[in-house]
Each structure stands twice: as structure tokens, then as C-alpha cells.
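Should a chain be cited, it is by its letter among A, B and C, assigned in written order, with residues numbered from 1 in that chain.
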Amino acid sequence: MSFRLKGDSLLKSTVAAAALAVVAMVIALGYEIYSGSGLSISRFGFSFLPGTVWDPVHEIFGALPFLYGTILTSILALLFGLPISLGVAIFLSEKAKGQKTFKYVIGTLVELLAAVPSVIYGLWGLFFLSPLLRQYVENPLHAYLGFVPLFSGTPFGLDFFTAGVILATMIIPTVSAVSRDILNAVPNSQREAMYSLGATNWEVIRRTVLPYARSGIFGATILGLGRAVGETMAVTMVIGNTPRITASLFSGGYTLSAVIANEFTEASSPLYLSALVEIGLVLFIVALTINVFARFLVWRLTRGTRMRV
Amino acid sequence: MTQGLGSGSIPSGRRYLDLLMTALVGVAVLLALIPLVLIVADVIIQGAPAINLSFLTNSPTPVNIPGGGIGPAIEGTSVMVGIATLISVPIGVGAGIFFSEWPESRLSTISSFTNDVLAEFPSIVIGIFVYVLIVLATHSFSAIAGAIALSVIMVPIVARTTEESLKIVPNTLREASMALGISRWKTVIRIVISTGKNGLATGILLAVARAAGETAPLLLTALGSTFFLTGLFQPTAALPLLIYTYATSPYQVWHEQAWGAALILVAFMLVLNLTVKLVIGRKFSEMRAEI
Amino acid sequence: MEIGTQKEADFEVSEVETELPPRPTTATATKLETRGLKANFGANQILKGVDLRIPEKSITAIMGPSGCGKTTFIRCLNRLHELTPGATVQGEVLLDGSNIFSPRVDPVSIRRKIGMVFQKPNPFPTMSVYDNVAAGLKLSGVKDRKLLDETVERSLRLAFLWDEVKNELKKSGAALSGGQQQRLCIARALAVEPEVVLMDEPASALDPTATAKIEEAMARLKRNYTIVIVTHNMQQAARVADQTAFFYLGELVEFGPTAELFENPKEELTERYITGKFG
């Protein structure tokens, strides 16, 4: 072979090897997680997921409290974070039309939120947000609306509620950035048609832009959900780390990722360890399903355009 | 039909609703930005008092002995991120080149898909993986294990941004080069990559930033330490690990040090991210939100 | 698709080729008047001061080569131009004698009185045919089902679309053919009972049959509405417009009854355009 062809095939093989390495990594990852859970799966089988007891001493393990915590905090994250993200997206896409620099600055600042490491959110949550929420939000809510199951239970500050708020803050950059792109993609002719009927700016947004963009925004939401589910450090530092299934938002709780972070290195027996690995497997499957779904939704909307999420 | 303009206005209800919604949107933006402002302010206010040269260079001391520092943590993070970069950049850039220049290949499609899957793995799960693979096998927590965990996190980021940066390079450039008789491999390396090098650099910087801030996988691999490195096969300190350990401890002294360490970490993050945004350019920083 | 066979009691459909008899150009009231109308995009001046009187209840065509400002002109008339960032307007536009740019006037109310149909049909895809037409009414808070039904039917009839969609009102607005979509947009614009209807090359994206239907609708509509249409098609202007204005590089060059403008242009520029020397 000539030097040229040799060079070509050498390059191709090299980079192909890198690509292969990626595949190998994922396969190895999946395999290790699955095999690591083997012991636990064989012991508990299908009762692992609905199992409510997590007792390392007696070696009884069940994933439900953690699944509950993960789902609850993620829903709270969406509840608090979605309206704000949508507001930011609407602001960046539909309002302040002329002021490009101003919007650029705002957009950058929101993006910088994503640059803050999870452990820093946890630090801030632990020392600043948690006491603040307990004093100004949880205590009053408990005092006046304590009869509602959601607000029952003495507020401790390190609970589902605070975890939900922190997670909401952490998903805002993602959800708002994607939503903004989705809103920008709504053709201007749609807006003009609504304006021409004599509509105010809000009416144009509500009746034309948002309906047009609704499946994309739904996709952005699901994407945010995927991020929330996988978060570990910020959550474990503010959630109290006690496995509990309760309606009270002010109760301490636990999530799939938090229990792994806390107890993995302390796991004193092979079964304990294997149960934790199985928790990891559950977490992985939940995160993967959500993300595949989100990706699919956004792909459907942006077919052909090169919008990566 | 009405003649003339008459009342040149619309019912005030609609007008008020429009104003109200504009105000609410503004409130949303404020609510989104307040945490950022508060966090940065808090980190600076609480962390600055702790910063001095000995803080940055000393090893941690027992709680009741003053003069402890975060030296080993800074060293540990630098070493592990450095090694992780050395591992992940060749793999990530290589894969990215492959996705971009040979997209028709079956391997390319499969690998690109698995790359996306890899990017979605919660980082704690990656920690489990490396624990099982390496820590168990070597019977030790180690810097190497930590570095490998970080590199698994970095690879998808680098691969994705590499692929996107190279795909932006117009095809006409490739065709012109090959038409001149320049071989494919030279075309890719000399022309495509140098045109896309900004994007590549961005991707690597963003991946480094991400790795430097990761805590969860290190909990299970590097474990943490109070000593400077004496080798790559022992438990190692890291900045985020230290922050976590100190913050969740009951000691006020350690809380203060956690804020100090946080200041260092946040400063590093912001500088890196702002560099990417301002110096390398707007288009590539949009990838930031997607990572 | 055959040429529509709808018959209004006092209006017969004829083939496309027949010219509509020109309207006598006696002095009719002015519906819209522009005085010194200037329009910019940032530093770019598009309209350089246009004075034009548009008579009511007739069809006025705005013509000219690309870039002459004709689209910008009508977008000033319903205050759409100023919505683009960096766009500015100066001068006056008088609707029945009152300036629409007066600070006391809410642009939203102007846009209800001066409606617009766009070059490319833009029905709301998330709404049904019915909801598309009713969209403007619902803005004003109209909830009375009977009133909505009646208005929807009336508007669709005026747009010569009723017979084709009356059994498919729930269908998505975007599921219609191009020509139907455009008539849907006309119906949608008519439903709010504007006084003026602006049309920006409404048929340029459509095939001849669909175009014919649009022109039919226009001829019917001018009895009750003032219509201003931008077109680059001289035959179309000759077919439908009572008077035509010729724009060039942001200025009004000539304005007069269509037949006169085409047969006896007073300005040399107009003549060059008509004889195809540019445009």
C-alpha cells in the first residue's frame, strides 16, 4: 500500500478504536452493574423494588423508600423549576426584543448556574437555604396548614422540600435553555398572524407560541427530570438521609443516589454491597428511560435540524 | 361598522393581563438568578476569610490544631483531573472524529448512540462501576480509580463537542483539499481539525470543568485523604470531596475550611466557563447547557 | 380541482380570464391616508416619505420591483412593521382621519381594525379550522356558541371556503391544501370584522386555480371592506384592482386608476416597469 493509503487506514483504525472504546465502556459498565447486583437480585428478586425495609443489620433490603424519595424530589423540582424555567425562556425568546446584549447577559448568567458543582449547591443548601426555608416557609406552612398531610410533621429543614427546591434550581439552566430554543423555533409568521387579529403580546404567547411549542417544552421538562433523578451530592446534603415513605414534605428522606453515596463505602457485607449496586442499577434504568424518552420527544420536534440535547 | 378610531384602546382587562404576565416573567428571571447571586456571594463572604497561602498549601490537621489546609485536596484534584484528561481526550477526540468523518459506518452509529447513553449515566453509578472494576480488584481506593471514573465522565463530553465542532466544518473544505490530492488522513488532521480546533478546545475545557467539580464518583473510588500523594494507588484527596466531608462534619473549623475550598473551586469553575464563553465564542458555549 | 361553483345570489362566477369591469373612479371617501410615511430597519431607510390616499371599499394594488418597499408599506398600515427589533416608523397614517400612531392609540386595537393576510398561508396548526376562524373573536372574549358558529360560517362563506370545509370544521387548520389554507386565513382575518384588509401577495404561493378563488373572494369582499393588496403580478392587478400605486426605491412614483396606470402611465419609471424593462 502507498504511504497515503496506509495513513488513511491508520487514521481510520485509530479513531474507530476510540469509538469502539466508547461502546466497550458502556457494555462493561452495564455488565459490571448487572453482575454486581447479582447477589442481591438472586436473594430478593422482584420484591426488591417494592420492599420498604432497608435494614443493613438484619440484611433485609428494599428499594422503595429510595425510589419514593427520588420520584418525590424530582416532581418537586419540576413543580418549582418548570414555571421559572418557562418564564426565563419566554423572557429570552419573546420579550425585550431589541435588547440583545441584555438578553445575552441574562442568558449567560442562567447558564453559569449549570457551572456550579453539585457539592457547592449542597454546601449552600445545607448552611443557607435549609435554615432559611425552615424558618420562613416550612414553619409557617406547618403552623397554619399543618392539618394538610403534605405539611404535617415538624419541619426540620433537611427534608424532601428543601431537596426539591435545590433540585429545581439545578435544573433551571437546562430546561430554560432548551425551552428557549424551542420557542425561538416557532415561526414568526405564526406570531404575526395572531398579532394581526389584534392580540396583545401575552395573548400571542399563550394562544400561538406555547401551543405550537408544547411538545418541545414537554421534552425539555422530561430532560430536566432526567437531570434531577441523577443528582447526588446536593440532594444528600439536604435531604436528611433517612429512608422514609411519608406524605409529609417536611420529613427527612432518602434517594437512590444519596443512599449509594452515603453507605457504599461502609457496606460491611457482600449482600449489603450488592444491594447498593442494585440500587445503582435501578437508578440507571430510571435515568436512562427518562432520557431516552426526552431525547425522542425533542428529536421528533427538531427532525432535520441539528439541535442537540 | 364603527367610523373613525373612537376608543383607540382595548378592554383594560386584556391590557392588565398582558402587563401582569410581563411582570411575572420578570419575576421568574429574578428567581432564576437569585440563587446564582446568593451562592457566589455566600462563597465569597464565607470563604474569603479562610484563604491564605498556608491554607492552600498545608495538609489538614486534627480539628483542634490550627493551621490545617487544603493542599492535598488541590493536589489530588489536579492530579486526577490531569490523568483523566490524558485518558479521555484521545478517546473522546478520536471517537468524535470518527463520528464526524465516517458517519456512514455502522460502528459510528452504534458508538454515537452509546456515547449519548454514557453521557446520561448518573455519575454515582459510574463510581459504582469503577469501584467494582478497579477498587475491588486492587483492594484499594486510589487516585487511578478516581481518575478513571472522571475520564468515563469526560469522554462523552469531549466526543460530543468534537463531533459537533468538526461537523460544522463545511464539506467543501474537505472536498477541495482532497481534490488537490491531499490524502484523507492529512485532510482530517491538518484541515478539518485545525478549522474546528476552537470547538475542540472548548469541549475539553468544559469536560475538565465538569470533572473538577465531580464528587459522587470520587466518594467510591478515591475515597479522600489527609495526606499529599505518595503514589497513585492510594486513597487520594480531592477538592469536592473535602468540601463534602467538612461540610457534613459537626466541626465549625471544618465548615469554615469547606467554604474556603468552595471559593477556590467556584472561582476555578467560573473562570473556566467564562473563558469558554467570552474568548472562544458564543456558538460553542451554547453546548454548555447541553452537557 | 374545478373552479368553484358557488353562487352568491347576486354574483356569478365566471372564468378566470374574464376581467372584472373597472369601477368608476368617482371621488369616493378616503379610508386610509398616509402622510410623509417613512420606515426604517435600523439605519436602512426603506420608505422615504409616502403620501397616499386609499379609497374605501375598493381594491388598491401596490406594485413595484423587489426592494421598493411595498411590503414594508402595508406592514406599516397595521403597525406590524414596528414589531421587528430595530424597526422605526415616522409620519402619519390616518384611518378615517385619525392617526393610528397617536400615543393614545393602542396598536392592538388598530390591528383588529386593519387585518392582514400573508404571502405564505399561516393557519394555526394546533387549532381546528373552526378555531382558526374563531381565534380573533375569542380574543375579545366572545363565548356565545351561537355567535361564534354564525361568524365562523359567515367568514368562511365570504372566503369561498365554506362548502369545502363545512363538514370538516374539526380538522386541523394545517391539514388543508395550500389554496384552502390561504382562504382559511382570509376567513380568519374577516371574522373580527376589520375595516381594512391588507394582503401581502396572497396568491403568489398558490397555483392558478387557487389564485382564481382568492381573486373571486376579493372581488366579493370589496363591497364591504377596503382592500390593499401587494402584488408583483401585473395581470392580477389589472384583473382585480380599482386603483394601483407604483412604488420604486421607497417612494411612491405614481398612483391612479388601474386601467389608466397601465395604459397611460404618466411617469417614465412606471412605464419602464410596466413594459418589463426591470422588476
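Convention: contacts are C-beta pairs under 8 Å (C-beta built on N, C-alpha and C of every residue); 3 or more make two chains touch, one makes a residue touch a chain.
This is a predicted model, so every value here is computed, not measured.
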item: Remaining touching clusters (ignoring subunit C, no chains moved); value: one piece
item: Closest chain to global C-alpha mean, per-chain Cα centroids; value: A
item: A-C or B-C, whichever has more C-beta pairs in contact; value: A-C
item: Chain centre separation in whole Å, for subunit B relative to subunit A (CA means); value: 16
item: Inter-centroid spacing, subunit C versus subunit A (mean Cα positions, whole Å); value: 49
item: Separation of subunit B from subunit C, taking each centre as the mean of its C-alpha atoms, in whole Å; value: 54
item: Residue numbers of subunit A (touch at least two other chains); value: 198, 200, 203
item: Per-residue multi-chain contacts in subunit B, two or more chains; value: 10, 14-15
item: Subunit C residues counted as touching two or more neighbouring chains; value: 108-110, 112-113, 139
item: Residues of subunit B touching subunit C in the complex; value: 1-5, 7-11, 14-15
item: Interfacial residue positions of subunit A with respect to subunit B in the complex; value: 4-5, 7-8, 10-12, 14-23, 25-29, 32-33, 35-36, 83-88, 90-91, 95, 104, 106, 108-124, 126-128, 169, 172-174, 176-178, 198, 200-203, 205-206, 226, 229-233, 237, 257, 260-261, 264-265, 276-277, 280, 283-284, 287-288, 291, 295, 306, 308-309
item: Complex contacts: residues of subunit C adjacent to subunit B; value: 95-98, 100, 102, 104-106, 108-110, 112-113, 139-141, 193, 195
item: Residues of subunit A defined as touching subunit C within the complex; value: 97-98, 100, 187, 189-190, 192-200, 203, 207-208, 211-212, 214
item: In the complex, subunit C residues that touch subunit A; value: 78, 80, 83, 85-86, 108-113, 115-116, 118, 120, 122-127, 135-136, 139, 185, 188-189, 192
